[in-house]
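Several structures are given next for inspection.
The two complexes that follow have chain A in common; it is paired with chain B in the first and with chain C in the second.
Moving on to the complex of A and B:
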């Protein structure tokens, strides 16, 4: 995901801000990392460049 | 007609909804009416989002889906578009509008899963999720309509595909109770349904 996407993303649980933690990037593209809810503390993974902002109760259905 | 029949008729893969008549109608409306920051909810293969990036007067294209295979497909399209010098596609995995902030988009497009489905007759895979709109056909459409005003910027518009199978009048009632004005900008009849694109504005 592009870092500029942070302007329009929020925590799906309560719409509060997210904090970006980058593990691996390619230019301005974040490939691996996570988004952490600043209020809920919930962790949302970024894998293969795609942030997974499903709420926890919808994540285990792959 | 069951969802499986429709799936076969439309020649779908097993994991990601592939572009069909409804996608083409939504794309037509997007090319004519989308502007600014654009979001497609339930992007499936990402085909409509790609049409937006190539042909519409938009400045950013974001595509979301609950299905990880759909997100991968949209992201791959975005990478190819960028290589060709077009806008890319930002893929986000999420449920409807849940992960997006208020006042984020000038245009939001949605082709919801809308086949009315008997709960005893559902099958549990990604294609079922891409097609089934629950018993009413409006399982995803209703919560989308209720929430979409939140993410729209002032002066924004929604492009919403509505099948007669999901009850056109019921959808219009929901749209009006959510405070939107509405106009049908595209409409086509098919053997099993009439498909319309509603443009919603505040």
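Moving on to the complex of A and C:
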């Protein structure tokens, strides 16, 4: 995902702001990292460029 | 209720992601463009909700804004990402997008696969800015080909619901949108505009 996507993203649970933490990037593309709910504290992983913003109870924790 | 393929038929789409683009025809981009033209503002930010591999909006992306693909199936999204598209793993009924954050949402041939279509339409209406539009392409269940599709989807275990264009306009109106039919037939398009309060 590109950092500009942060303009529209929010926490799915309460629609509050997310904080972006980047682990690995390739140019303007964020490959690995996480998004953290500033109110809920929930952590949403970014893996292989795709943020997983499913509500935690819908995640497929394999 | 049959749930053979899991919530929103996701497990099925995870399995068939690699075959999907070859098997499905290109969506009718002209009807989608006509729906987007109902917006009263420039359409720059677009979400392709339940967009899978991004197939349906690839034609739109070629000559306009590149829709961000939102889907419940990680397998489908990896195809979209490999195609250079922005991809977000999310639930159409619990969108991780801010209120009034996009100019349009499109849902192409997918609303009938969602576990709670009315909720997905309400979420779409929430994230679209006033003047923007929700454009939905669906299959008409009362056309000849539509009747065949309804039977085929039931035969493979999908728990699909289908609407006539008028019924789908009612769904959009219940979500507070100003709805109208863009085009009819087997693959019809309806649009709902978010009006100012």
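We take it that the second predicted complex is superposed on the first by the 60 of 62 C-alpha atoms of A that agree within 3 Å, B and C clash if a C-alpha of one lies under 4 Å from a C-alpha of the other, contacts with A are read in each partner's own complex, and residues count from 1 in each chain.
Criterion: contacts are C-beta pairs under 8 Å (C-beta built on N, C-alpha and C of every residue); 3 or more make two chains touch, one makes a residue touch a chain.
No experiment lies behind these values; they were computed from the predicted model shown.
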Return fit or clash for chain B versus chain C, each positioned on chain A through the superposition. clash
Where does A:50 make contact in the superposed view: on chain B (first), on chain C (second), on both, or on neither? both
Considering only the touch criterion stated at the top, classify A:10 as touching first (chain B), second (chain C), both, or neither. both
Hey, what residues of chain A end up touching chain B and chain C alike? 1-2, 5, 7-12, 15, 48-55, 58
Chain C residues touching chain A in their complex are 7, 45, 68, 72, 74, 77-78, 81, 86-91, 94-99, 101-102, 127
Across the complex, what residues on chain A touch chain B? 1-2, 5, 7-12, 15, 48-55, 58, 62
Residues of chain B that touch chain A when the two form their complex: 37, 62, 66, 68, 71-72, 75, 88, 90-95, 98-102, 104-105
For the complex, which residues does chain A have touching chain C? 1-2, 5, 7-13, 15, 18, 44, 48-55, 58, 60
